[in-house]
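Chain nomenclature is as follows: A, B, C, D, E and F, assigned in order of appearance, with residue numbering initiated at 1 for each chain independently.
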Amino acid sequence: MKVTVSRKAHFNAAHRLYRKDWSPQQNDDIFGKCNNPNFHGHNYELIVSVTGEIDIVTGYVIDMKILKEIIKSEVEDAFDHKNLNLDVPDFENLNPTAENIAVVIYNKIKPKLKSVFDLEITLYETPRNFVTYPAK
Amino acid sequence: MKVTVSRKAHFNAAHRLYRKDWSPQQNDDIFGKCNNPNFHGHNYELIVSVTGEIDIVTGYVIDMKILKEIIKSEVEDAFDHKNLNLDVPDFENLNPTAENIAVVIYNKIKPKLKSVFDLEITLYETPRNFVTYPAK
Amino acid sequence: MKVTVSRKAHFNAAHRLYRKDWSPQQNDDIFGKCNNPNFHGHNYELIVSVTGEIDIVTGYVIDMKILKEIIKSEVEDAFDHKNLNLDVPDFENLNPTAENIAVVIYNKIKPKLKSVFDLEITLYETPRNFVTYPAK
Amino acid sequence: MKVTVSRKAHFNAAHRLYRKDWSPQQNDDIFGKCNNPNFHGHNYELIVSVTGEIDIVTGYVIDMKILKEIIKSEVEDAFDHKNLNLDVPDFENLNPTAENIAVVIYNKIKPKLKSVFDLEITLYETPRNFVTYPAK
Amino acid sequence: MKVTVSRKAHFNAAHRLYRKDWSPQQNDDIFGKCNNPNFHGHNYELIVSVTGEIDIVTGYVIDMKILKEIIKSEVEDAFDHKNLNLDVPDFENLNPTAENIAVVIYNKIKPKLKSVFDLEITLYETPRNFVTYPAK
Amino acid sequence: MKVTVSRKAHFNAAHRLYRKDWSPQQNDDIFGKCNNPNFHGHNYELIVSVTGEIDIVTGYVIDMKILKEIIKSEVEDAFDHKNLNLDVPDFENLNPTAENIAVVIYNKIKPKLKSVFDLEITLYETPRNFVTYPAK
């Protein structure tokens, strides 16, 4: 009896979309106002979903307190109130699009979970734009 | 690395659920107050989800500005502030249930996307009723 | 110790904004696409707020079951799944703007409440547009 | 053309997480403040999702009025304003975690649906914690 | 230049509405299913609003970190995962209606704020029912 | 018959809270992680509320299309995808706290409205923190 349990979390951060190896014009053409050299920012809403069997002893798939701690140490402490481009090493050479941020979060949380669990990351960049990794 | 990117949009419209080939009594029996001959209406909330590989150059699956434009031209311009039964040719002979509206939206947006992308449409008819096509 | 108690409710309806005594051009100039002769529609979200003293015997300002019943009989039964222009006598000669709908709802509910209570109506026409009567 | 139709519902209830065969210390270690012997409670938000073919006659997968009635009789009447541990026989010997509640709801609704339909239950225990069964 | 700053918080709790000095029948007549002797429960959503002048040095009315701490120590630590009737002395002889809970929260937070500040408490018992004290 | 009409809007931006005339230590003591020299950011949700008499000819207090345009030109064009500290002259010598941003928005919109209208600005910095100016 596999169940997916999901936990919502939040962080806010500044970022800028651009490629260092492109000209300003190229960056403007592709990334538009997201390429503001002075950065802009978002309240990122995060949903971390873990799939596994219900433990018949506890009735839990995973203790939500443990999942909450993993999200705090791996994501909130690392990203919250940060500039993703300047303060977070994961994005030193990776454009911090919502897609790439979701993959980075997946790769940070996955090793902290028992290998038997499946993991899905949903990340809202704005209330109207969000991404899911792995793809639905 | 496939990711699903989703964009929310909105349109509001009048509609009526009924079959022209049924008697008023038959329509009342099946469609109840949704069969009001003078129409009723909804704020439809739409989620368009596109699945594909992350472009390693841009970090995007699809540029959200492009997806937003497709939704505007294919759905919002066609359905917003319209009477679905009377103003939208797609529903001239198709009952505008949430299910059918979702399929119509899918068929309008799919050809505008690169064929490599998968598409999913979620349509909220009210905050409590919504449909997803293709099925989850 | 006065407290304001609020109850949310919902109805959906078709409507059209126009004046019978104006030309189509005049109506288009002022009401734009809201003037579609075939109607459009909304999910109206309603908040009914009643202000009064806490009854020290029950701890209630007003029993929410009673307030819920008043909203049902005065608003939901009268407006839900209706065409406001064609099916609701209150709007036979009154343009069903959100402002006017809120005033009509106020005038329908107020006489059903003890006169000692104050009443405020908030009506969402869309998730982005809403009105409050009497003014805040 | 399979579509998933979803209906949101609500119930509120008291519960306590613990195992009768464990010592108070063991229950505290695993269930923490959820183990309060005097109970705590939640507003449970429920999404019932039914997947099937669109009926080409009606345009419905399933009549939402029928689905709403099933949810009312099987879930709301049984769980709303109840103490899950003391008032609901399903949890007499089953810990009422969100995971287990979702499975119980699935098992109550599934037999009321035509066997051709697939069913998915999503249950929000709080706005930040929710579960899905069967797993996504 | 007075500004109102608001902070949302959350607690969940069990409660029961009844008067000890009434017969079961009287309690049923007035409080209905809220009178379940085994309790039910809610996710209470709380908005604490503080009104005062902007401090021209900091640009704050009140440091949100301080307000968050006051809400935690006065409300969350006292009410979260508790049975309001059995675990919270404030309700030993006070019916824990939403109205009364809001007044109790007001009386707990007000003395922790500088006397120059005005305070308003909004408490959601369910997503559809909420109260505001002092009255709007 | 005065009614308040409200319109929601959105912008996202980077910012940093600090005083140029304070030492880093002073800024850290008061503004904590909001003082990150590399900036952080938010999705700001804005509610603009205009109070006035209903125009008996149109049924409007103010045409929402006009209000939407004012918000776009005065707020969204000026603040969206910007660094409030570096890109917006209003904050060159004003700490961009939510309180100060709300006052700036008020001062930009007020002169664009007929003087007979009252104006209220509510600004969500995060889903849990928001401010209202003038105070409620």
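In the analysis below, a contact is a pair of C-beta atoms (placed from the backbone, for glycine too) under 8 Å apart; a residue touches a chain by one contact, two chains touch by 3 or more.
This is a predicted model, so every value here is computed, not measured.
Novice: Of the pairs given as D-E, B-C or C-F, which one copies E-F, with over half of its contacts the same by residue number?
Specialist: Copy of the E-F interface among the listed pairs: C-F.
Novice: What chain is the most remote from subunit E, judged by the mean position of CA atoms in each chain?
Specialist: So the chain farthest away from subunit E turns out to be B.
Novice: Relative to subunit F, which chain has the most distant C-alpha mean position?
Specialist: D
Novice: Could you tell me the distance, in whole angstrom, between the mean C-alpha positions of subunit B and subunit F?
Specialist: 34
Novice: Quick one: report the Å distance separating subunit A from subunit F, using the average Cα coordinate of each chain.
Specialist: The answer is 28 Å.
Novice: For subunit D, which residues are shared contacts with two or more other chains?
Specialist: Residue numbers touching two or more other chains: 127, 136.
Novice: Would you mind giving me the full set of chain pairs in touch?
Specialist: A-B, A-D, A-F, B-C, B-D, C-E, C-F, D-E, E-F
Novice: Going by the contact rule at the top, pick out the subunit A residues touching subunit B in the complex.
Specialist: Those in contact with subunit B are residues 17, 19, 30-32, 94-100, 102-103, 127-136.
Novice: Touching subunit D in the complex: which residues of subunit E?
Specialist: Answer in residue numbers: 10, 12-15, 33-34, 36, 38-43, 45, 80-83, 86-87, 126-127.
Novice: Can you check the complex and tell me which residues of subunit C touch subunit E?
Specialist: The contact residues of subunit C facing subunit E are 1-9, 49, 51-52, 54, 57-61, 63-65, 118, 120, 136.
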